[in-house]
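Can you read through this structure? Questions will come right after.
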Amino acid sequence: SPPGKPTLTSCRSPEKETFTCWWEPGSDGGLPTTYRLFYLKENIETVYECPDYLTAGENSCFFSKNNTSIWVNYNITVVATNELGSTMSDPVDIDVMYIVMPHPPEKVLVSVLEDKDWPFLRVSWEPPQKADTRSGWITLVYEVRIKLEEKDDWEVHLAGQQRVFNIFSLLSGGTYIVQVRCKPDHGFWSEWSSSTYVKVPNYFHRENSV
Amino acid sequence: SPPGKPTLTSCRSPEKETFTCWWEPGSDGGLPTTYRLFYLKENIETVYECPDYLTAGENSCFFSKNNTSIWVNYNITVVATNELGSTMSDPVDIDVMYIVMPHPPEKVLVSVLEDKDWPFLRVSWEPPQKADTRSGWITLVYEVRIKLEEKDDWEVHLAGQQRVFNIFSLLSGGTYIVQVRCKPDHGFWSEWSSSTYVKVPNYFHRENSV
Amino acid sequence: PIGDLLDRASQRSDKLHSLSTTLTQELDSHFPPIGRAIMPRPSMCHTSSLQTPNDKEQALQVSESDLLSLARSLLKSWADPLVILSVSANTLPHPAQSTISNKLQELQEHTKNLGDGLDVLSGKMGPAAQTVSFLPYSGGNDIGQDRLSKLANFHFLLSCFRRDSHKIDSFLKVLRCRAAKMQPEMC
């Protein structure tokens, strides 16, 4: 039978400069099926085809810088074709300004410092490499989460635009896991960074402190 | 004699949308004395008078939203006048962004938790309602203080930007008072929040707890 | 200092765009799908004639005064349409009508406040920053008679504002980082 209807599942831009769309194939009707992505750009009559089916892997289309415009509507559809016919997905309208989802922050460092002999953690990180925060083209805010290794509940802290965050009130001798994520001013949260482990030294203030 | 020289003591804005200035009268020269506040706005020739002498009480001037601009400097003076003459205060230059004194943190909650059967206090709170911290622009830092009900000395902890703070090493069976305050990066500490009381259960691990 | 003013302006433009996003989400909570079909295309926004950069390379080549001039032109072009939106919000056939109406009030206040700030800023950035392109709104005061066209035209106008407020926010944030050259950690 002709192929089932494919579905455009999502489009994301990691740095407001390029973007990628992914689709879910429908049933292949038992026959070899090919997929092609077409799009219209606001106030341009031409129908364009996906410029790059490879870079982002299977069932995806990658739009490089030269193929990416901001504040311009893209109307995108995917067509599945086999010997017996073609089936179009529902069209999806996107504007890159609304689909920014950065990669996680990088170089997450956690050091144990002391303030009036109370230990605290200084967490520092860098923005994801591809995101050009220096020119201001993208503005990132960050969240830090921390939990004791053996526990399940995370404590989440909003760090604003800073790249350093101090965490106080630590369990003496505890081993903590720290992760950081980021979000553009107007967009989606990244994944959490990989875990960074840190051990807090034992500190005794009062005779029976824990 | 003509009135003594008044002094502009301070100007504060709780949320960068309104602000209030207060002054200290000088000697009144033994005669009925009136006080008027005048101000210039940067690059504007006009001399304005205080829009509202009442809202913020005696010896004060309240600048409502419509009279408050975060874009220009205010040059403010107070003039004391009686039958025999007038005396001007030294002028004060203010920028609303740098006189922010937020309202105290809200919804302060203190719960007694246990870690390996040692109790500790988990204090949590929320930023004052008006402070827009969600966007990551305004960073508030917090301080937590705690003392035993019957004692006078407070123990103060810097909590950085956290909104949760754990306090260990507690007196078995003690009743504690907890308060929280906040400060924006350019600005002044808020008042302490109202007191939250919490009773630590009796736990006898070592007989000589503090 | 200009850096300070640009920081404040970016805070306000950030808030302005976020407000327009929440407003759009309120509207979308009860928006007839058919309405989307009859809605005018984004290219028909009254500000679409203004040539603006459309990617990072283009934006980073625009001079400071031109970026500010673009931001001011876009913002000023919304003074009248926001009044029309605000008036129509009072009779909008939508379950969240009062929330939408209040949010629009807030949007107008923020737009005016940001406009004041950009006027002060342009005064400090030389004559070229003073030029403002005139982008008239010719849509008339009435956004439609029947329920569907009222909702569709309201949504269209708001979607145009949302896009323009994102442009304004992006331009000001690029300006802010250029001004912050002395404080690299700011950007």
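Each chain carries a letter (A, B and C) given by its place in the written order, and its residues are counted from 1.
Convention: a residue touches a chain if its C-beta (ideal position, glycine included) is under 8 Å from a C-beta of that chain, and two chains touch if they have at least 3 such contacts.
The model shown is predicted, which means the values in this text are computed figures rather than measured ones.
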Category of the chain touch graph - line, ring, star, complete, other: complete
Winner on C-beta contact pairs when B-C is weighed against A-C: A-C
Rounded Å distance, subunit A centre to subunit B centre (Cα mean): 39
Rounded Å distance between subunit B and subunit C, as computed from the means of their C-alpha atoms: 34
Gap in Å, rounded to a whole number, between the CA centres of subunit C and subunit A: 26
Per-residue overlap in subunit C, given as positions that touch at least 2 other chains: 10, 14, 18
Multi-partner residues of subunit B (each touching 2 or more other chains): 135, 137-138
Of subunit A, residues touching subunit C in the complex: 16-17, 42-43, 65, 68-73, 95, 97, 132-137, 139, 163, 185-186
Subunit B contact footprint on subunit A (complex, rising order): 115, 118, 120, 141-142, 155, 157-162, 165-172, 185, 205-210
Of subunit C, residues touching subunit A in the complex: 10, 14, 17-18, 21, 41-43, 48, 52, 54-57, 59-60, 163, 166-167, 169-170, 173-178, 184-185, 187
Residues of subunit B that touch subunit C when the two form their complex: 43, 69-72, 97, 132, 135, 137-138
List of subunit C residues in touch with subunit B within their complex: 4-5, 8, 10-11, 14-15, 18, 113, 116-117, 120-121, 123
